[in-house]
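Two complexes, one shared chain (chain A), two partners (chain B, chain C).
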Partner chain A sequence: MNPEIQELLVAYRVVRPALFPVLPAAVLTLFGLLALLVDVFELGRTRGPAEGETGTPIMAPYLALIGTALALGCVGWQAARLETAGGPYFSGMVVLDGFGVFLSGVVLAGTLLTLLLTIGYCRRHDIHLAEYYHLILMAAAGMLIMVLAGNLITIFVGLELMSVGVYVLTGFRRTRLRSVEGALKYFVLGAFSTGFFLYGMALVYGAAGTFDLAGIRDAVSVPPASPVLLAGVALLIVGFGFKVALVPFHMWSPDVYQGAPAPVTAFMATGVKTAGFAAFVRVFMSTFDGLADQWIPVLWALAVLTMVVGNVAAIRQDDIKRMLAYSSIAHAGYLLVALIAHSDIGTAAFLYYMAAYTLMTMGAFGIVIVLGEKGTENTSIERDYAGIAWRHPLLAAAMALFMFSLTGIPPTAGFVGKFAILSAAVNSGHVPLAVLLVLTSVISAYYYLKVVVSMYMRASEREPIRSQVPAMAAIALLIAVVGVLGLGIFPGQWVEMARASVVAVTGLP
Partner chain B sequence: MSEVGVGHYLTLSAILFTIGAIGVLTRKNAIIVFMAIEIMLNAANLAFVTFAMSIGDLGGLVMVLFVIAVAAAEAAVGLAIIVAMYRHRETVNVEAFTAMRG
Partner chain C sequence: MLTEYLPIVFLLFVGLVVGGVIIVLSWRMGPRTRALSIGDSPYECGLVPTGDARSRVDVKFYILAMLFILFDVEIVFLFPWAIMFDALGTLGILVMFEFLVILLVGYAYVWRKGALEWD
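The block that comes next holds the complex of A and B.
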């Protein structure tokens, strides 16, 4: 054999084991680039300059689906080999552990459902551009990097890869004013929060002398904490707070969720939130563990504000995307309670809730997407959802299930998730927070059930929605329904999995 | 005349960061808002370099390279969004974009 090729093979054998943790992200990147490349060679098809022009369906959606499914398989492989292969890689830049692998699975499941729902949506609105799928895959790759990051630099790079992709996706329907307005607001506030995040990183770096999460933990574990370090932690809270939409850093989220194309909103509500929270929890649970006495009161106040404002503001909404935006703010508050519990049970509850939240939110947005028509997304709860149950009984039943799950009514995944968070909070002595969580959940029943009431008990006053459910969207909805019920009726195995994932945190105990 | 030291650089970086943050919150022209964000990012860059030099660690300098690359990508996307805005309303004043409220 050619000696040069032999040298390459030897080099590959050396490098190969190191690539294992980033394999899913690499697969996504590869297929993302492939989607763009294939688009160039699809000759003879009309490529509309914007949406609305009749274009030809393209290959990219299927490439994206295959890529995501392969990446999901790689995550399964990582989970199976976790005991032998877990640990820090790339000198600690990336950490392969149970926490990361579990959330990688959640992110990719969200991406897969987004893609399944997107394909029918793009056909209906005549968006035949490969860039759309490319951006979804690249953003998902950024999320995976964030989820597995063991270093502030990796978190930052993953965060930006995700955010820049989602800014563009938000404004993707650029002939629509609302889409562009949403993109503008998301971009300005997202970049603003990046500034806070970076400055916080700089201060923490100055105090600890390293970007490595484990290194920072060792450096900050010796009290007293310097003011520079505390200022840095505060700025990091602001940065993360913007990304996961905690009150008072949430003002962008209702407008952006309402303006973005519905599948992108679903992707934002699940993937972006999962990745943001993953890095948030990892940094605060492991790295700033020694400063828990300082950050718990701050997050406590944020959690109270987030749960109250999110739930109260959702009551007034008629636009279902906007209502789900406030609902996702409220759920960020619940997830924050799991972090404040500051225990292994809390982290396990966080993992379980993240999976449940992804499934039920994705399901709810799936129904919103399916009920849209060409030219309009039909998002008014009062007008468009009235009487849906008589024309689309299955869709209405599924929507009711997702609404019950979001409220936290048994036997759904949302109930088990809230129960897990409550028991973690009570276990750590945060009884007032647990009480507030229950009270705000009662408030949330009002606006979730309002959708159900509108679907089942109101007569429709508009012409019927002509909606055909595309096969792929039907599969996605079926997955969401089965998931929400499965996680709710047989939670044991999943709760066990979440617990095991916390124990398997090998890189950062 | 005392020598320029770490404290001076950090003070300058804090001032720049504050100027940027106030700019984002008060200015109405999307391009000026965008410039203010760039000032914030560069304030962070100055802090990274200062800390890297005072600690004697290369990590901060590497970070600055990442920030510059990311800022360039953000600039491309941000300006594209501003162009898309202008096509709708023939203005880049952010107050003209309030179709969604509540």
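The block that comes next holds the complex of A and C.
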């Protein structure tokens, strides 16, 4: 055989096993680039109505969908091969464990639903740019890298890849003032918080002498902890807290959620939050495990603030996107309780809740997207949602289901998730936190049920919303409804899956 | 241990004294000038400033600067690889090729979008 070819084969044998954990991200990147290339060479694009006008990208959305579905398939393959998967990959920069694979699945499911909902939305609001799909895929690839990161540098690279894409997506409707305002706020504050994160990384590096998560764990396990290390941990909390919108680092999120195009908001509320929390939990549960006595009180205070402020502020909102923004802040507080429980049960509850939260938030935003009309998104709860049940009974029923699930009423996924978090918190002796979680959930019932009341018990005073549900959006909503009910009525195997996934995170190499 | 830093403290002290003495001397002994004279302009011996510094710049310059940074950073990655070319072998070529392909897609995008044309 030709020596060059032989050498290539040898290189391939070296590369192939190393690529296994990043395969989904690689697939997303490949299809993202394809979507961009195909469009920029004007293949798979309809002609504009007149000479020189641009048409609609036809191929790019489908390429994005196929890519995400393939990546989801790769995650399934990873899950099946998890036991035999060795490591470390990329010298420990990437870890492949049950925790990461589970959350990769959650991220990709969120991306798939976003894409299904996006396609009809873009037609309706005249967004005819293939870059939109490219950016979603690249951001999703960044999320996957964050989820599987075994090194602070990898977390940072994933964080940036994700954030840069989402900054641009936020301002995608650039003729709208709110969209541009949201993008600017998100970008400036996001860059600021990145500074905090980077500084925290630097201080931790100074104390531990390595960026490797397992290496840091070994270095910090010997008490007493140095002040430099603790300062680094505190700055990392600020950096993560910003990305997942914990109070008091949440100021950006209502404006950004309101200004961004609705599918992007849904993507932010699910994907960005999942990826941020994934890295957050991995770093604190495994790497800073030995410092638990120091960080638990800090996160405890943040959780209390987040739950109270998120829920109380949501009461006054009339814009449904703002309401859901505060709701997602409140849910970040619940997820934080699962982290504070600091046990395997807590991490399993976190995983389960993340899946449930993604489905129900995606569903709620799906209804918001579907109810939008050309030029306006119809987001007023009082005005636009009044009496919807009579014109769109199915959509209203689905919305009511998502609202019940977000409140945490059985038989929905939200109930089982909250139950899991509560039992984890009580098990670890955080009874006051559990009580507060229940109390704030009661507050949340007010604003979630306000939507249901408006839909079912108010007469509409505006001209009826003319809205046809695109076939793809209908599929997405169906997936969300089935998922929320399925996770709620038959939680057994999902809870079991979450538990099984935790075993690997504690066994970080 | 801290005595190692003594020379730095000494240097700091000398710097402060010399600087302070010069300021005080020129204040006491220098000739008085009227306020708002040429001495207050940003560059006393340079060109006479015309207009405001905050004028608008054509957005084309920003695009050019952005593209310059992007493709400049590419070189930053290429040079170390080129030096270690032998040691990295075929695997290195493959990885670098992958990097360049992604960059090439970006280049094709920039070119087709017309960002390389000045008018």
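Please note the rule applied: the second predicted complex is superposed on the first by the 487 of 509 C-alpha atoms of A that agree within 3 Å, B and C clash if a C-alpha of one lies under 4 Å from a C-alpha of the other, contacts with A are read in each partner's own complex, and residues count from 1 in each chain.
Just so we're on the same page, a contact is a pair of C-beta atoms (placed from the backbone, for glycine too) under 8 Å apart; a residue touches a chain by one contact, two chains touch by 3 or more.
Note that the structure is predicted; figures quoted are calculated from it, not measured.
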Problem - Which superposed partner A:150 touches (first chain B, second chain C, both, neither) - result: neither
Problem - Which partner, chain B or chain C, touches more chain A residues - result: B
Practice task
Please work out whether A:366 is in contact with chain B alone, chain C alone, both, or neither, and reply first, second, both or neither.
Solution key: neither
Practice task
Name the contact category of A:317: first (chain B only), second (chain C only), both, or neither.
Solution key: first
Practice task
For A:164, decide between first (touching chain B), second (touching chain C), both and neither.
Solution key: first
Practice task
Examine A:408 and indicate which partner it touches, taking first as chain B and second as chain C; both and neither are also allowed.
Solution key: neither
Practice task
Name the contact category of A:178: first (chain B only), second (chain C only), both, or neither.
Solution key: first
Exercise for the section: For A:211, decide between first (touching chain B), second (touching chain C), both and neither. Expected result: first
Practice task
Mind working out whether A:41 is in touch with chain B, chain C, both or neither, as first, second, both or neither?
Solution key: second
Handout entry: chain C-touching residues of chain A, taken from the complex the two chains share
Key = 7-8, 10-11, 14-15, 29, 33, 36-37, 40-41
Practice task
Could you please specify the touching residues of chain C with respect to chain A in the complex?
Solution key: 89-91, 94, 102, 105, 108-109, 112-113
Handout entry: Complex interface listing, chain B residues touching chain A
Key = 10, 13, 17, 20-21, 24, 30, 33-34, 37, 40-41, 43-44, 47-48, 50-51, 54-55, 57, 59-60, 62-63, 66-67, 70, 73-74, 77-78, 80-82, 84-85, 87-89, 94, 97-102
Exercise for the section: Show which residues of chain A lie in contact with chain B when the two form their complex. Expected result: 153, 156-157, 160, 164, 167-168, 171, 174, 177-178, 180-185, 187-188, 191-192, 194-196, 198-199, 201-203, 205-206, 209-211, 254-255, 258-259, 316-317, 322
